[in-house]
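Reading through the structure tokens given below for one structure.
In order of appearance the chains are A, B, C, D, E, F, G and H, and numbering begins at 1 in each one.
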Amino acid sequence: MIELVQDIVSGTLLLAGAAFVLIGTLGLLRLPDFYARLHGAGITDTLGAELMLIGMMVQAGFSLVTVKLLLISLFVFFTSPTATHALANAARVTGLRPALVPEDDIETMRTRDD
Amino acid sequence: MPEAITEHYNYWLVIFLLMAGLFVTITSGNLVKKIVGLNVFQTAVFLFYISLAKLEGGTAPILTGEPERFSNPLPHVLILTAIVVGVATTALGLALVVRIRETYGSIEEAGLQEADRQDELRAAAEQGR
Amino acid sequence: MKHIVGLGVSLLAFWLVMSGIYTGLIISLGVLSVLLVLYIAHRMDIHDHETFPIHLTRGIFGYWRWLAREVFKANIDVARIVLSRRMRLSPRIVRVRSSQHTDLGHVILANSITLTPGTVSVEIEGDEIIVHALTEELAEGVLNGEMDRRVLAIEAS
Amino acid sequence: MRHHLVLRVVSKLLIPFMLLFALYVQFHGDFGPGGGFQAGVIFAAAFILYALVFGIDHAREVLPEHVLRYLVPAGLALYTLTGFAGIALGGKYLDYDVLGSTPTAGQHLGILLVEFGVGVTVSAVMVSVFFTFAGRTRDVDEEDW
Amino acid sequence: MAPDMVTVIDLVLLALLCAAAVALILVRQLFAVAILAGAFSMLSAGLLVTLDAVDVAFTEAAVGAGVSTVLLLGTLALTQRRSEESRRRGTGPALLAVVLTGGALVYATTDMPGFGDPEAPGFRHVVPEYIVGSETDIGVPNIVTSVLASYRGYDTLGEVAVIFTAGIGVLLLLGRRREDEIQDEARRSGSGDEG
Amino acid sequence: MSLLGHPLLLILAIPLAGGVLVACTGRWPNLREAVTLVASVLLFLVAYRLMEEIGSGGRPGLVLIEVLPGLPIALEGEPLGALFGCIASGLWIVNSLYSIGYMRGNNEHKQTRFYICFTIAIASAMGIAFAGNMFTLFLFYEMLSLSTYPLVAHKENEEAKIGARVYIGLLLGTSIGFQLVAIIWTWVAAGTLDFEPGGILRDAVPPAILPILLALYMFGIGKAALMPFHRWLPSAMVAPTPVSALLHAVAVVKAGVFTVLKVVIYIFGIDLLAETGASNWLVWVASFTLVTASLVAMTKDNLKARLAYSTVSQLAYIVLAAALASGLGVLGGALHIASHAVGKITLFMCAGAIYVATHKTEISDMKGLGRAMPFTFGAFCIGSLSIIGLPPLAGGLSKWYLSLAAAESGLVIAVLVYMASALLNVAYLMPVVVLGFFGRPDGAPADWQHEPVRLPWLCVLPPCITAVLCLYLFVDGDSVIALLLPLME
Amino acid sequence: MAFLDHVAILQVAVPLLAAPLCVMLPGRHLPWALTLAVSWFTLVCSIVLLAEVSAGGSIAYHLGNWPPPIGIEYRVDAINALVLLVVSGISAVALPYARRSVEHEIEPDRHGLFYTAYLLCLTGLLGVTITGDAFNIFVFLEISSLSTYVLVAAGARLDRRALSAAYTYLVLGTVGATFFVLGVGLLYMVTGTLNIADLAERLPPLAESRVVQAAFAFVVAGMGLKLAMFPLHTWLPNAYAYAPSLVTVFLAATATKVSVYVLLRFVYTVFGHEFAFIEPVLAWLVLPLAVIAMLAGSVVAIHQDNLKRMFAWSSIAQIGYMMLGLALASASGLTATVLHLFNHALMKGALFMALGGVMLRIGAVSLASVRGLASEMPWTFAALVIGGLSLIGVPGTVGFVSKWYLILAAIEKGWWLLALLIVAASLLAVIYVWKLVEAAYLQPAPQDRERVRDMPPDMLIPLWVLALANIWFGIDAGLTTSVAGTVVNAFLGGGS
Amino acid sequence: MWTAAAIALLVAMVMALTRAFLGPSLFDRVLAINSFGTKILLLIGVLGFLTERPEFMDIALLYALVNFIGTIAVLKFFRYRNLGLSSPAAARPENRK
């Protein structure tokens, strides 16, 4: 009985996570410019990954694997926004312009004293 | 799928990989790319070894206390060693590329050959006097 | 000192939960390893409050709960945009005030912004965070200052 | 200017765990995947991260070059000496059986020692390779960019 | 059911690897080459996991994610970003060599034990002794470790020597600062040599 | 007899030790040349004693070291070798004397190197003379080529360089290219390389193959200067005259024809050749060389060049004799080695003396010179007559036996060639003598017409000695023939 | 006695231990002294080993005390004892020579690293030679190769082309090693073992297997790259020409020899010459390539101006000789190969040592720059001439002995043309050696060159040791031929 | 369920790799690869469950820890054109000791 619940819960989480991963990657593929794609990738990294990891944790029950999964999710939680930020920052420093941003915003970017 | 394919598809893809890596290594005119090609080539060979270690229905060769069918651990060991060798080669190759760039000002094979030729001519001219 | 002990304890815990093998040898090796890492951390000079924000533990879980909800909502929004046939984007760059007093606070805010899909912090400039947002609504979500307040709150605790 | 605030903070948080994870991998090679080489690489990766974020000069202060100079050969020497220990104790080269009271204990000790040797050399080499690459400044030609 | 899925994953990863390899042939930008190399490493790590080679996968992951990309970028930082190759030289002979290599291997595959075939000699000879011995002789659950460090510990010693060599080599090649080198150069050409 | 005192060892050791001593005493020219002379005299004494021992039927042998399994460096005395050794060592004394005069008279550079190489060359010649098997012979043969290279290139100018290049190229080329192959073939076929009376190839090689093998040997022995591999001889004329004497008379070409005879007698066996007719083709080649070289010699105005072609022609005499594959032929060939040696060395030393005195090389410039240098031209005359084959000079004896052999073989061509060549000899040698004594110098009068010719006595004496030797060899011909008789069996 | 029990492993383990110690040593002289001591120690080991196995037996040493197919085994028989002797002997002779040469050519603060790399190279070569395990060969091959790349690149201080040469060598060498690994993998696939003796036992029933055939192809191709078999030789000339003198001496004398040894080992021990498919490969592929190498290498050598390059090309030709003997697959042919392995090391060692001395004195080694130098450096050039004569194959030198057997092998088979081609190749050698001789002895010295002294005695003595060895083993070839005979018996006599 | 997750991940990987190939900017590639790494991590986790081997988690953990080093190197690469020189942190006076 418990196993069944475990299966259902973990399955749901897993599939939901997988769906978000897919959507996020679709965004990565579809969105028009680099800055926009960052957001798409963000979906994968956050909700998709975390949900899947939680799903796995549920499946694993109380064990060493769960602990490791928990650690993984923690680290992903810390590193993925950092990486995204670093990348965005690098792009900005190099002067990559975001598309579809109103002029004045671009000006904001330009006036940086780099 | 016919048996011949199911039994060997893995090898064939690995072989394709190997050929691609070798191709890049030989034809690329850029020294860095050559090294990367070499890496791909080596990786393909590693995968080849690991493929031949795979056992149908087997599992990672770590004893768990239950009787199990394990994939062959020996190629894994060999490839561990080979990967290390590969990394070492890559590091050394890249270091060489850096030095080449510093002394020649180019990391293109064509540029290098041209420079070497110039060296030769200069040496000949110096000694000719 | 407080920080280094805190770091040590958490490292030891990390080892113990990871290890799963509790023989004398392994545990003693673990202790040695933790000591080594602490020594290196000491040399690296990274065992200040930023390394192991032990002082934040009280408020952080509450914040995470809130953040998780925000992240979830934003995710749905962005997912909808991605899935829509014509992606209606109005990307923009906005400057978000970041009223935190510490670097750590700024970082928590910036990372939280990045974590919520639809907004990515591009740069921290003084007391402002430059954010790229996918749509106007999403930009509003960070501009309203709610996140800033909450981060301030845990920072203060 | 406070670029990379984020990086700095997150790295500070992560690096100790990476280091410890490396050591975990080092000492749990008997039970799961991993061993000296992998541990060495991860250990080095942590250092590389530190050097990337805090600068190579800081990293050199943490791990001075003269220390590195001895760490690089130390691991290999440890490994080789373990081999010679086998001979000294009446066995063959790299014979671990004679190292301990029982063959199994000897094997354990031997494996521990050699894996540690691997780890030390690998991490030291990786770090020093990175240091040499990153520490080599070059006048940037604008045309290259 | 489960093994089938593993097979599918295996196949897809391999196909992606091949795609990455082809892309590598086509790309000119060195930075993209570096990035592709990273992808390549990740894919092969994944593939190695599906092939049960966890230790190898672990190594590949550590190396690929931690060191090689950084090294490649470091090299690019010290050299240049764009590959200037305008034409490929000697594609004909190269293709011949490549095709010969591939042909020889494909020729060999027609006679090989099948993929995963438990009757392959590799599973019959020597290895059973490792599997038994790892527990009885050595007492280490990870057979790879016991083979690596004990049965074939000497190979591993060689491996450490190789990595040591690389370290020494890089130090010998790049260990001096550029300024020292330029000074050395000037000194040599200035004073000349005496015996 | 202790090994160290073994005459066969001494025969190698004396010149080599002489070489070392020369190297050590290079700074004091007088001492250096004294060493050379002492060594040459000692060597001749040993060689003479050996000849006596062999003449009385002794066959001393000595195995030095086994290089490869079954292939030792072995020395062995036999009549032909004893004769050659004796001639070479004897002429070395004369040539040393002459060298001293020539080198000093000409103020040549790097004299020490010259003397060292000279001693090594003599040692090699001795090694060839007393080689116990084909392998040892080959070893010393190559040593001879190499040690004479610096001598040929002695002048170190462009001309010398090119000449020496041709010299070493042809000698090494033919010896490695043909001779070595032939030797190895022999080894494969016969399983031995020892010199054995009657040959070692009987039943070892199918008769059809014998001519090919013989050709490999004959062309491989480049020192015998069989056409078309004769070019090195004229090229080597750039060398100082003592060297030319060494090449033409003492060591090199003699080593060549000596090897030819050795191969024919001890490897193939006269009988085998006679039975199979494997050497018939050689008759033609040798005859062609003989006649052609003589004709070419006539066209040369340079005295040394003319003498060089004369040598090519005279060598062909001996090869032709060997090709006749008869006991008489062999005897004649052996005799001709000796007679040509003394004759030719006389001629060369005379040519050298002329050069030292007047720096003249062209025959047309020597008109009337004989009157200024009567001794030199007198010796030249005797030498020429000996070469031509007039009794009572050495050449008369050898040519007599050669003609006999040709007649005995029934090969008309051989007879014709010998006869024709005697005439040709006259035609290219006598004009020198005639012009020298009776010619009237044309053009501007040369120095030697006004003041007496200054010549070191060491340049005059040696040709006179050898001229006398020409006579002596004829007179004492019987003892030489007695020595050689065992060859005819 | 413990030393005798463990001599096989000490041979490799001692230099391997010395390498990390060497890098810790300060200064310039200590690393050199350590390297010297280790080299001499390995020489002693290899002499002991050779003495023990020369009766035809073999020594086995089980590393880690695991019995062979399970663990790695060291197995010494006549052939690898001989190669060990070559490697350690050349190293032992070269090191006294090295001190000044390295001081001249390597930056003063890099000597520790340089000698460490050298020790690793030595270790690698010895390890490849002595091991009885196919994969272990690869590992030690890579130790030696990686250190070789570094050592070659160390020549960049004098000529930057050393860098590009090292790079080319690295790429091709790695491809070669990877091919070799692939071959070994295929063999493992069908036999389940990596031990060479075990492989030899398990392969014969698989003679028809295509996997084995492919494995053979890969091993040959891989080793062909490593040993610079024509047309896979492209890395060699520049690598030898621009490497530091010591490195050229050591590599030219040993590195390719070790690869030839590995190839011999695989063709004759692992596969066994009775394998049906090997004969045609040898006869129709290796043999023609060897002949082309012999001729083409010499022809190219004739046209070189840089003397190190000239002799590097000559090495390619000489490798052709070795491959030819191997491909002839007869007793004499193999004898020739084994002898030439040894002999060529002596010649090239002496030649490159002499050139190193020239480099030391006048800083260049082109034909133009050595004009008239013989009178200033008489001893050096005398040794150079001896080496050159040996290269030509003049009797009384080692070159003659190997050429003798090679021609013998060709004639035994009745292949006249081949015998003539071999001879023709030696004649080509006459040409390039003579170019050098003429330049050094017969040309006037250039005006702008200052007069120089001959090499210092600590460099001359090693050089002359090798030069005299060239003559000694050419006159008394008993030792080498008896070892070669043992080897050939083991390879051809009654299967494996 | 695991199968579905695995397939979804594979599809996502294909798409991410496509983005990496397409570019157009370098940052797009890096982003794609970074995201690709996350997927590999997840895939390895899923594989661990598929084959019931918990050891795989260590690999996933490794990726979680080190995957972003590459991205940071890219950042440094673009920002400072050098991996070692003048780090941002070192540039801060207060951080210098």
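As a working rule, a residue touches a chain if its C-beta (ideal position, glycine included) is under 8 Å from a C-beta of that chain, and two chains touch if they have at least 3 such contacts.
On a predicted model such as this, the values are computed, not experimentally measured, just so you know.
*Asks:* Enumerate, in label order, the chains that touch chain A and chain F alike.
*Replies:* none
*Asks:* Any chance you could name the chains that touch chain E and chain H both?
*Replies:* Of all the chains present, those in contact with both chain E and chain H are B, D.
*Asks:* If you average the Cα atoms per chain, which one ends up farthest from chain A?
*Replies:* Taking each chain's C-alpha mean as its centre, the farthest from chain A is F.
*Asks:* Can you name the chain that lies farthest from chain E, using the mean of each chain's Cα atoms as its centre?
*Replies:* Measuring from the centre of chain E, the most distant chain centre belongs to F.
*Asks:* When you average C-alpha coordinates per chain, which one falls nearest the overall C-alpha average? Tell me, please.
*Replies:* Centre-most chain by C-alpha means: G.
*Asks:* Please work out the Cα centroid separation of chain G and chain H, and write it as a whole number of Å.
*Replies:* About 46 Å, centre to centre.
*Asks:* Just give me the whole-number Å value for how far the CA centre of chain D lies from that of chain G.
*Replies:* Spacing between the chain centres: roughly 35 Å.
*Asks:* Centre to centre, by mean C-alpha position, how many angstrom separate chain C and chain H?
*Replies:* 18
*Asks:* What are the residues of chain G that contact at least two other chains?
*Replies:* Residues 16, 19-20, 23, 63-64, 135, 139, 142, 146, 149-150, 153, 182, 188-189 of chain G touch two or more partner chains.
*Asks:* Provide the list of chain B residues touching at least two other chains, using ranges where the numbers run on.
*Replies:* 22, 52, 59-60, 62, 74-75, 78, 80-81, 84-85, 88-89, 91-92, 94-99, 102
*Asks:* Pull out every residue in chain F that's touching 2 or more other chains.
*Replies:* There are none in chain F.
*Asks:* Contact residues on chain B for chain E in the complex?
*Replies:* Checking each residue of chain B against chain E gives 3-4, 6-24, 26-30, 32-33, 36-37, 39-40, 43, 46-47, 50-64, 69-81, 83-85, 87-92, 94-99, 101-102, 107-111.
*Asks:* Touching residues of chain D toward chain C in the complex: what are they?
*Replies:* Counting only chain D, the residues touching chain C are 2-3, 5-6, 8-13, 15-17, 19-21, 23-24, 26-28, 31, 50, 54, 58, 61-63.
*Asks:* Which stretch or stretches of chain D touch chain H in the complex?
*Replies:* Within the complex, chain D contacts chain H at residues 1-4, 7-8, 14, 17-18, 21, 25, 32-34, 42, 45, 48-49, 51-58, 130-131, 133-138, 140, 145.
*Asks:* Under the touch definition given earlier, write down the residues of chain G that touch chain B in their complex.
*Replies:* 135, 138-139, 142, 146, 149-150, 153, 156, 159-161, 163-164, 166-167, 170-171, 174-175, 177-178, 181-182, 185, 188-189, 194, 238, 305-306, 364, 366, 368-369
*Asks:* Using the touch rule from the top, collect the residues of chain G that touch chain D in their complex.
*Replies:* The contact residues of chain G facing chain D are 2, 6, 9, 13, 16-17, 19-21, 23-24, 61-65.
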